[in-house]
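These notes open a run of structures that come right after.
You will see two complexes here that share chain A, one where it goes with chain B and one where it goes with chain C.
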Partner chain A sequence: MVNLSINGLNVSVEEGSSLLEAAKYFGFPIPTLCHMDGLSPYGACRLCVVEIGEGPKAKLVSSCTYPAEEGLKVRTASARVLKARKMILELLLASCPQSKTIQDLASAYGVHRQRFRQEHEDCILCGLCVRMCEEQMMAKAIGFRGRGENRSIGTPFDIKSDVCRLCGGCMYVCPACRLRCTYNEPEKAICGACANLSPPCIEKEQFEDMMCFMDPCVACEIKKD
Partner chain B sequence: MIRDTEALSSEEKDCLQESVNSKDILGIIETHNGKLGGLMAILGDIQTEYGYLPEQALRMAADETGCSLVDLYGVATFYHSFRLEPQGKHRVCICLGTACHVRGAATIVEEFERQLGIKVGQTTSDGEFTLETVNCLGACAIGPIVTVDGHYFSKVDITKVKSILEKVPDLKKVPAGLLQNEEAKAAVSG
Partner chain C sequence: MEKLNFIEQFRTFRRNCLSQGDSVVPTIVVPAGTCGRASGANELIRVIEQELADKGLTEKIGLRVTGCHGFCEMEPYILIEPEQTFYPKVDPAEIPNIIEAVVRGDVLEDLLLKDSESGRIMQKQDDLPFFNKQVRTILSRNERIDPVSIESYISIGGYSAMVKVFENGDPKWVISEVKASGLRGRGGAGFLTGLKWKMLAEQPNGHGKFLVCNADEGDPGAYMDRSVLEGNPHSIIEGMIIGAYGTGVTEGILYVRNEYPLAIKHFNIALRQAREIGFLGEDILGTGFSFDISLVKGAGAFVCGEETALIRSIEGKMGEPRQRPPFPIQKGIYGKPTAINNVETWANIPVIIEGGAEAFAKIGTKNNHGTKIFSLVGKIKNTGLVEIPMGMTIKEIVYKIGGGPAGKSEIKAVQTGGPSGGCIPANKFDISIDYDSLTEVGSIMGSGGMIVMDKNTCMVDVAKYFMNFLKDESCGKCYTCRKGTQRMYEILDDISKGKGTSAHLRLLDELAHVVKDTTMCGLGQTASNPVLSTLRYFKDEYIEHIEKKRCPAGVCKELISYSINENCVGCRACVKACPEGAISGEKKQRHFIDTGKCIKCGACRNVCKFEAVDV
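Take a look at the complex of A and B:
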C-alpha cells in the first residue's frame, strides 16, 4: 500500500493505482474526457490535471497517468488546478462547440465566455475510439494519422478496414460526436443507437456531418432495402 | 536532401500501382529480420525502391512484420519524407519560411499552382512535377526561394515562375546546390 495525502486527507491506496483512481475512490471528483475504465490511460484531454508537491516545486500533472507515490501531496481542486481546467475546457469548447459532453462540463466548471474562435471540429483527438477498437474490440481498425494540425483519426487509406466489424464501439465512446448521434430521442443519446431504431435514420439529413466510421453505415444499409 | 526519382514513365507508374513485386517487398522485409524495430528501415527501403509507399506494399509489410496496418499507416503519414502517392520526375519546392513569406512566397505558390494546374502536395498528371512547400530552406537573405531538384532559385517573384519551369530540363547539366540566377549570385558575393 502507498500512503499519500489528497486534499489534506491522509489515505493509502494500492500500489500501481493512478492518482485519478485514488481520488475517485475517496470521493474527490475529477472531470475526465479521455479516461474510461478498461482502457489504458492516455492523458490526452488534460482535464484531469491535479497539483502535486508543495511550494515552488508544485506542478500540474494529469492524474490519469500519474501513479500514486509514497508521501505525495495532491490537491485536486486548488485555485491553480481550477484555472487550468477552465482554460482547457474553454479550448476544448472552441474546437468542438457542438459536443453536449463538453458543453455540460464547461457549464459545470463555470466557463461562461468563449474567447477563442469556434472551429466546429468533430474530434478532440482524445484517442478513446482508437483504444476502444484496439483494447476492447481487439480490432485495430482505426488509428491516428498524420501529425500536428493535420493529425486525424480514421482507417488506413480512408477506406473500409478489413478488420472493422462495425461494432460501433468507437462511436459509443466518442465524447465529441455524442450529440450528433442522438437521433430523435435525446434521452437515448448514445451513438449507434440509430441502427436499432425502426425505421432507421429517417431524418438522416439532420446528421449529415455526423462523424461516422461505420462504412457502410448499418442504418443506411437497412434504409436502402 | 533530394530523393532520386529516377525516370519512370506514367505507364510504368500505373503498372506499379497495379502490382507491386511481392518478392522485392519480402526481400526488403527479410533483410530487416521482419521485426517491428526495423519498421522505419523497411518503409525507407520500400520508398527507395518505388519512390513512394504503395498501398499494396504497406499491406504486405503489415502482414509480414505482424504489425497492424493502422500503426504502419500512422508511421508513414507521421513522417514528412514518407510519401503515399507516386512522385513526379521533378520536385518543385517553395520556401514558406517567415522571411520568404513576408516577401510574398504565398503568391508564388499560387502562381506555380496555376501554371502547373495542381495544388501543393500533388503531382501533375504527366508525372513531371511534384509541388511542395517547406518551412525554411535556411537561406532567408536571398528569399523568396524555390528549389527544383536541389537547384536553387533566389529572389523569385511571380514573373520568374514561367522561366523556372522552362529551365527545368536543362538543370541536369549543372551540379545541384548552386544558385541558378545571376543577380542572386551577385547579391551573395557582393
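Take a look at the complex of A and C:
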C-alpha cells in the first residue's frame, strides 16, 4: 500500500493506482473527458489536473496518468487547479460549443463565456475511440494522424478499414460529440453504421462476432422483424 | 584495418598514427561542414586538389577537409597550418595564388581579414577576436582532424580516454569522475550527468539497458550538435563507450534527425571504423566488455527531442511524450532502463576522463562547469558557433566575440533556448550565462541557440513566429498545448494586424500561464516562454501595437506604410527594385510611393543608400 495525502486527508491506496483512482475512491470529484475505466490512461484532455508537491516545486499533473507515490501531497481543487480547469473549459467551449458534456462541465465550473474566436469542431482528440478500438475491440482500425493543429483521428488513407467490424464502440465512448455521424460521406465514415445499415449486420451470419455497442440499434430491430 | 585485441596493440597503433602525422609539411585546412559546403567549400576543395596535382605539390602540401570550425560568417575560408593563417571568404580563383604563397612561405596580405576599427591586418586565426575570446575544448578538435579517419582522431589523442578507463577497470570510478566534474546535461535541462549515470548503473540489469545519444536538434537557428557530429563523430562514440563501461550497458543508440545527411554519413563511417578496429562489438580490446551502437533516424518531428517521445519514436511508434514517472531511467526503450544524453554532453566525456574531473570543474562557475557551445545567429556581425566557458556574460559574447550589431541599429535583445526559451533584453546583458541565471530572467539555456535581435525586430512578430512553429510542432496530445498554442498564435496574429485589444493581452497572459502549467512534457511547459518573456520585457511594444496601431520596429505589415523623405536624391534605385511599380519620380527629383499599389515588401528600403525610405 502507498500512503499519501489528498486534500489534507491521509489515505493509503494500492500500489500502482493513479491519483485519479485514489481521489475518486475517497470521494474527491475530478472531472475527466479522456478517461474511461478499462482503457489505458492517456492524459490528453488535461481536465483532471491536480496540484502536487509543495512550495516552489508544486506543479500540476494529470491525475489519470500520475501514479500514487509514497508521501505525495495532492490537492484536487486548489485555486491553481481551478484556474487551469476553467481555462481548459473555456478553450473547449470555444472549439466545441455544441457538446452537451462540455456545456454541463463548463456550467458546473462557472464558465459562462469564452473569449476566443468561436469555432465549431466535433472532436477534441481525446483518443478514447482510438484506445477503445485497439484495447477492447482488438481492431486498431482507427488511429491518430498528423501532429499539432493537423492532428486528426481516422482510418489509414481515410478509406474504410478492413479490420473495422462496425461495432460502434468508437461512437459509444466519445465524450464530446456523442455519435459523430459522418453519414454524408459513407465511404469515409469511421463507423458509418447508419449509412452502411444493410451489408454488415442485417444479412451477415457473423453478427455475433461484431461485439456491437449500438444497442438499441436500428439494424437489429429490422433484423428481428 | 586490423582488429586490435589488446590495449598494448592500441599503443603501437597509436604510435604509428602519430608518426604518420602531417606536422612537417604545410597543410591547407578547409572546413566543410554542411554550412561550409553550402557557401562553396566543395568547389574550393576541388580547385585545391586540382591545383596541387597540376603543380605536383601533393607530396609537399597537405590538404585536410574537416568539419565546421565555427566561424560560419567567413565561410568558405581556409586555414594554412602550421602558421594558422586565416583566409576568409576565399574565391576559388585565388587558390593558385594562395598555394604559390604557401610554397614560398609567404602570406597574401590583401586577402586577410582586417580589423574594422583599427584597420590592422589579422593574419592568424588566434588574432581574430572571434576565436581568441573563446575556450574551444570541443570545437578546436574539429579543425585538427579529418572526420572520416579514425587514425586522424587517434593521432590527436582520441580513444586514449577510453583506454584510460579500461586500464582503471573500475566502472564506479568513471561515474565518480563524471560526477566530480559537475557536468550538466547540455540538451538544455541541465540535469547532472554523473547522477543520471549513477541512477542507471543502479538499475537492475535483468534484460539489458540502453544509452542514447540525442541528436534530434530541432531549434530554429541552432546547429551545434550537427557540427560536432559532422566534424568529430569519433568523440561521440568514445564518450558513449566510456559511459557504457561506467553504467554496465551493452546497447547504445544514436537518434539523429534525417535532415542531417552529412552527420549521418560521417557517423556511419565512424561506426564502421570503430567496429573494424575493435572498439565496438564483443570483448573490446580484450577487456571482456561488449558494447555496440546503432543509428536510428528520426522522421522530422521537433517533439521527438523530448525524452519520452524519442523513446517511443525509437520503438517505432508515433512520437508523442508520455507521463513521467516512470522516468526513462526506470522504464525507457522497450521498458528497459535508458539514459539519454545530448551530443554535446557525450563530446565532453572524453575531455573529462582525459584531463581529469578537477581540471574540468575549474572551468566555469559554481554549479556550472565546463564550456558550452552556442550558435550565435541573427543580426550580429560574426555569426557562427562559439564555445565559451560557463559564466561569461551575454555582453561579452555579443560584443566581443560576435562583434556587435550587423547593421546600423542597436541590439535590443537576445533570444536563447530556441522556441522554448525567452528573450533577454539588452539591459540584462550583464548576467552570466549559466543554467540558473538564464532561468531567473525567464529564458533557458536550451541546447544553445542564441538569436540576436536589433531595433528592426518586432517582439510581437518574434513571439508570433515561435508560436507558429510550436503550433505545428506540438504533438497534439495534450489539449492545452495543441489548442493553447493555436489560440496564442491567433491572438498574436490579431495584435500584429492591429486588431488586438487590451482584453486580448490579459487573455494571452492568462492562457500562457495555464498552458505552462497543465501540459505533460517539456515542449508544452515551455511553449509559453516566447510570449511570457516578451510580455515581461517588451510590453510597451505590445501596447503600441494595440493602442496606437503602430509597429515600432516596422515589421508588422498591416500596421506600417512606406514613404520617401527629403533625403531622396532621385537615384531611381528604388523605382527599379519595386516589384509592383508603386514608386514614381523623375531622375534627381524626390520619388513618391503610391500606397495603394505598395505591398510593403521593403525592397525599396533595402536598396536605398540614403536612408530616404521611412517606415
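Structural remarks
Convention: the second predicted complex is superposed on the first by the 178 of 225 C-alpha atoms of A that agree within 3 Å, B and C clash if a C-alpha of one lies under 4 Å from a C-alpha of the other, contacts with A are read in each partner's own complex, and residues count from 1 in each chain.
Criterion: a contact is a pair of C-beta atoms (placed from the backbone, for glycine too) under 8 Å apart; a residue touches a chain by one contact, two chains touch by 3 or more.
As the structure is a prediction and not an experimental result, all values here were calculated from the model.
When the two structures are aligned on the shared chain, A:28 is found in touch with neither chain B nor chain C.
Of the two partners chain B and chain C, it is C that touches the larger number of chain A residues. With both structures placed on the common chain, the touch criterion links A:144 to chain B and to chain C. When both complexes are overlaid on chain A, the residue A:157 reaches chain B alone and has no touch with chain C. Across the superposed pair, chain B and chain C both touch chain A at residues 143-144, 146-147. Taken in their complex, chain B has these residues touching chain A: 55, 58, 68-74, 77-78, 84. Across the complex, chain A meets chain B through its residues 140-147, 155-157, 161, 163. Only residues 41-47, 49, 59-62, 65-67, 69, 80, 83-84, 87-88, 91-92, 94-95, 115-117, 124-127, 143-144, 146-151 of chain A touch chain C when the two sit together in their complex.
The residues of chain C lying in touch with chain A in their complex are 301, 303, 318, 322-323, 325-326, 470-480, 482-487, 490, 503, 507, 510-511, 514, 517-520.
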